[in-house]
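Residue numbering begins at 1 within each chain, and the chains themselves are lettered A, B, C, D and E in the order written.
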Amino acid sequence: MARITLETLRHSYVEKPGSDVDWALASLDLEWTDGGAYALLGPSGCGKTTLLNIISGLLRPTEGRVLFDGTDVTDKDPVDRHVAQVFQFPVVYDTMSVFDNLAFPLRNRGVAEPAVRERVTEVARMLELDGLLARRASGLSADGKQKISLGRGLVRSDVNVVMFDEPLTVIDPHLKWVLRSKLKEVHQRFGNTMIYVTHDQTEALTFADQVVVMLGGRVVQIGTPVDLFEAPRHTFVGHFIGSPGMNILPCAVDAGKVVFDGETVALDSPPRAVPAGTLELGVRPEFVRFAPDGIAVEVVKVDDLGRHQVVEVRRGAHAIKLIAAEGEAIPSERPRIAFDPRRARVYADGWMVEGGASR
Amino acid sequence: MTLELNGVVKRVGREVHIHETDLTLEPGAFNILLGTTLAGKTTLMRIMAGLERPTAGAVRVDGRDVTGVPVRKRNVSMVYQQFINYPNLDVFENIASPLRVARRAEAEVRSRVGRVAELLRLTPYLRRRPAELSGGQQQRTALARALVKDAELVLLDEPLANLDYKLREELRDELPRLLSERGVTVVYATSEPTEALLLGGHTATLHEGRVTQHGETREVHRAPVDLTTARVFSDPPLNTASVRKAGATVHLSDRIDWPALGAAGTLPDGYYTVGIRPYHLTPRPLDGDAVAMTAHVLVAELSGSESIVHARLGDSTWVSQSHGVHAVAVGSDETFFMHPGRCLYFDAAGRRVGG
Amino acid sequence: MLLSWMAWTWQTAAFFVLVALALVAMGIWEWRSPGGAPRRGILGLDTTRGDRLFISLLGAGFIHLGWLAAFGAPPWGALAVSVLFAVAVFRWV
Amino acid sequence: MRRLKWLVPTLYVVFLMLPIYWLLNMSFKTTNEILGGFSLWPTEFTLDNYRKIFTDSTWYTGYLNSLTYVVINTVISVTAALPAAYAFSRYRFLGDKHLFFWLLTNRMAPPAVFALPFFQLYSAIGLFDTHIAVALAHCLFNIPLAVWILEGFMSSVPKELDETAYVDGYSFPKFFVKIFLPTITAGVGVAAFFCFMFSWVELLLAKTLTSVDAKPIAATMTRTASTSGYELGLLAAAGTLTIVPGAFVIYFVRNYIAKGFALGRV
Amino acid sequence: MTARTTNQKAWWLVAPVVVLVAFNALVPMMTVVNYSFQETFGDNVFFWEGFKWYEELLRSERFHDALVRQLAFTATILAIEVPLGVAIALAMPRRGPWVSVCLVLMALPLLIPWNVVGAMWNIFALPDIGLLGRLINGLGVDYNFTQDPTSAWVTTVVMDVWHWTSLVVLLAYAGLCSIPDAYYQAAKIDGASAWSVFRHIQLPKMKRVLTIAILLRFMDSFMIYTEPFVLTGGGPGNTTTFLSIDLVKVALGQFDLGPAAAMSLVYFMIVLLLSWVFYTVMMRNEGT
């Protein structure tokens, strides 16, 4: 287990990177504490797998350093870094039994056989593989194989960090949540530092204490799941996390007042000065409600999802989604909506503008 | 157009894939086939398309028996879960292909392909090959090809399942709009209850090769006829438990009971299965009738805008679903509120009873 | 087409007709009850009835060769052994 | 050790090239020089051997004959194999597995003795000493190979592509030609390459089934070797020229060869 | 819906292939079977001999010798070509400009007519004017493949290795290319040794293609005729008289069609049996 520090890390797959687009990973500084559960979340091509491979040592960064517990490991091989990694698609050694597969990383490091046996049995029990230990790994289903991959990642107790690269891609949707929670359980049990890469918000938020949201090779926000939901620092985070995502509406700031389409929007902490750049107002559908004294809109569409209703309303050219409770009556005569003043925020060029006035 | 299945059965070897099924699609509307993998959605859809011949029974279009008619003689179009496009043709020719086969005039092909490509935002990619497109663009191309044909019946077999969820959201929003304008009959297979609800229209729930219920989507969700349907149409899984109704009280165990409100009110005393939807078991009460109970938190799942908590209550595991992202400590005891008036009750045969 | 160069004899002709009939019979059998009755026999092999016919025929060939090497013609004994072998193959393999 | 890894294939290629170099070397020497002594490269460099081949019709018709039947065979093999491979990759039918195995067993019969019935068979149907006879005879081992390679490529194309085409209104032949074939061009290329190769290198059947009109180059060479004694330079030049068409063909499919094997079903 | 659908009409698609191959395979096969039970003195006149040829053949010294020689040759070249081919494939670069160059050069021997291969090696190995012959004799080894049995044998084997190892390389290389990078990365992280990587990742993934390679090489080397015939003519003595050469000697040299036919069929059965056993054993645990 280790504290992981990334210092001004940059990486490019191009021989001589010139412009910004050549960088798969733009300058990055991160510090991860020992024993934490972290997730790297972002759409495909955002650089999360690159970052993972740099940490595990499969890739050498173009610039910057990787430190484990303060020691520079940038030039070390994966073996010497003592890391474990689980890949997107199951990797099993077809020739071996399930037991031998799980024991493989331990035996390669000369662990005594009784210790191997004990550790493998423990991990197998946790992943519910104990009935299959004598079976040949090649005969298993994709789920079973991926469990073996997970098991091999978890079987060593001396690792600095365990890394998961979208490990649930091949798992049947109905089993996903089982493994998701298993991983969480494993983390609590073993207390390893774990890093989990995914594009699936549910996996990231469920697994991690701290989620790192990435876009285009940059980190846009690091925070707890609650932070990301309630206070997205970037419109991308607001849009990417949550379904439906955050409403993002053009706005203007004038003398401490926020104006959307001619209407003043009350905010608890409006920006003090007029920020530079394109200004937008971001508010999640959960924090929009019908209110008699709000902004006049027209209702476009209502999706009744049983547990709640997703209502799409329109104000001029702008579509706004809001969530109404189960069975709540949707006003048909001159509906008006209001934004939760504590949760609506102003964004300049995509980035959240810190509020001035205290609540 | 109307499409009817009369007593359709599909057997392969000794296995029965579809049990005797009667189904009439709602003309000009979204018809959703909802069920888990292997429930028989794809088979049913392939029979409708004419890609497979039923072992018994008939498929009727506008009253005419078309059972043996091969697919290319029917006016249908189909989109698969995998992104299926002709790899040797560019996007334009891919979309144009049904028109080319039908020998339409060049000008007509151009204008129709142009229009559909515009709708699906494919215009910038028309000269690319499918392999050079992202998954979302590939599936859009497949959809465009299905749309350009002006088929009477459009079959969509889990078309969004292989896409990232943000893309899925986007396309799910667009699809009903694109299709309802044309007034075609759509069949849409999905394994996700939420998707069915978002798409609306009509839903047939499938379980192990049988249609368990068919009706308006919201109605099927709100009032499932039996336990199987309720289970199929619930994600996260429906909480079920065996209860005993005695007088004005429903007993779950010696210690936990609640007033017999709602559906339970009219039931005779006896044993029932109660179904509580995860969103009716919440960390905060939804209404005044809520009954509080304490459960041991096993797992907390956070999706982007909802929290799903699996908790142990007595000797069964229950699932609670609530709005927003909440930090829930795993291993702690939390109070949950259930809402007796919103429960579903099923008799021993699994039929829904009461209210 | 002149067939004399093929040097037919009634014995070999009969042999080929028998093999052809066996194939036709297998075809009809398969048509009547499809699937080929797959199973895993004593050798640990997954076989269908077509495979079993193949094993029987190949086995019969080698039994005949062995018989000829050991006892010489006529190979009636080999024929008997082959039939027994075929029965055994269809029963257990 | 990892540094020296490139040495292994390099040494192997050098080993492969040595006899070919020697052949080339000889082809540029005069007969006198060859028999006169040993030299690593031609001291009296000459193109006479090649000139002879290109001007003497007994020589160059040999090449044309070979090329003719090889091309005919490649076309027949691939054309016949395409629908069959499609059937194997898409459908299950009575006896399919055993049919597949039977096709493969046709490599197992010793051609030396089977050549005689071949000769009689093709004489009986009046095709002896024609290009088509050799082309048909080579189908024996080329068709199974082509079926096998094509089946691998076809199986990697999802069945849903076929269905999509039928839904779009394509008929089977139209779909096959317009959509399916272009999708598996690489496979057709690889299959054609192997048909070409095995037909080109085979001699026994080709020699048995021809006498004058369709005599392959390889047979011309063996007959020359026996009649004109040791005209080694000429022989070497002829041999060198037999390598050219193959090298030419392989250049076109170089990127697919490896893939072609990996996909094949056993 | 991955399963192939049952459709008996597929026979129509297979029909051309069946007709073409059956024409070329069944007619000669039946003829050879007919020959094997008869005696002929030419002019299509045949006399029934029953099992006589088989009986004689199975008890003849010559047959046993040829069979042993053939088996020894096949075993030798398999033992050399397969490991060598795998080793070369392992050492080949996975990507880069050299790959195509390597592949094209390596495939060259496969594309040379078989008698040219024989002639080429003949010239190459001749002790007086051949590069190889001169080289070996220059090293002080007494080498002359036209007179010395050992030299002849070794030359034949080396020629076959030269001719066919590339096929194994191509196949093995194809198998290696189909291994996803993740396997190597996982092995790296698991701390696997190079041997472990070979034993547990590369070899299993090559199993399928190696099966094909071994089958092809086995069948073809059992039938080998042209190359050794051109190189050594089966000599000196009978030392390189493999099955097919022997067959031709009997069938054409002595015009003993009957015995030659019987011999071919016995060989055919042996190849069939060995191929089937090998195939079944290799494929036994696939998929289940």
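By our rule, a residue touches a chain if its C-beta (ideal position, glycine included) is under 8 Å from a C-beta of that chain, and two chains touch if they have at least 3 such contacts.
Because the structure is predicted, anything quoted here is derived from the model rather than measured.
Enquirer: Using the touch definition from the top, list the chains contacting both chain A and chain C.
Expert: A chain counts here if it touches both chain A and chain C, which gives E.
Enquirer: Out of curiosity, which chains are bumping into both chain B and chain E?
Expert: Touching chain B as well as chain E, we find A, D.
Enquirer: From the centre of chain A, which other chain's Cα mean sits the farthest off?
Expert: Measuring from the centre of chain A, the most distant chain centre belongs to C.
Enquirer: What pair of chains is linked by the largest number of C-beta pairs in contact?
Expert: Here the largest contact count links D-E.
Enquirer: In angstrom, rounded to a whole number, how far apart do the mean CA points of chain C and chain E lie?
Expert: 27
Enquirer: If you average the CA atoms of chain B and of chain D, how many Å lie between those two points?
Expert: The computed centroid separation for chain B versus chain D comes out at 55 Å.
Enquirer: Return the residues of chain D touching two or more other chains; collapse runs of consecutive numbers into ranges.
Expert: As it turns out, chain D has residues touching two or more other chains at 94, 117, 120.
Enquirer: Residues of chain C that contact two or more other chains, please.
Expert: Where chain C meets two or more other chains at a single residue, that happens at 5-6, 34, 54.
Enquirer: Going through chain A residue by residue, note those that touch at least 2 other chains and give them in order.
Expert: Residues: none.
Enquirer: Provide the residue numbers of chain C that touch chain E in the complex, in ascending order.
Expert: The touching residues are 4-9, 11-12, 15-16, 34, 44-46, 54, 58, 61-62, 64-65, 68-69, 72-75.
Enquirer: Going by the contact rule set out above, which residues of chain B touch chain A in the complex?
Expert: Touch list, chain B to chain A: 36-37, 164-166, 169, 191, 194, 197-198, 200, 218, 221-222, 236, 277, 279, 286, 298-305, 310, 321, 323-327, 330.
Enquirer: Provide the residue numbers of chain B that touch chain D in the complex, in ascending order.
Expert: 49, 51, 70-72, 76-78, 80, 82, 84, 86-89, 97-98, 101-102, 142, 145, 149
Enquirer: In their shared complex, at which residues does chain D touch chain C?
Expert: 94-95, 97-98, 117, 120, 124-125
Enquirer: Under the stated contact criterion, what part of chain E meets chain A in this complex?
Expert: Chain E reaches chain A through residues 180, 182-183, 185-186, 188-193, 196, 199-201, 203-204, 285, 288.
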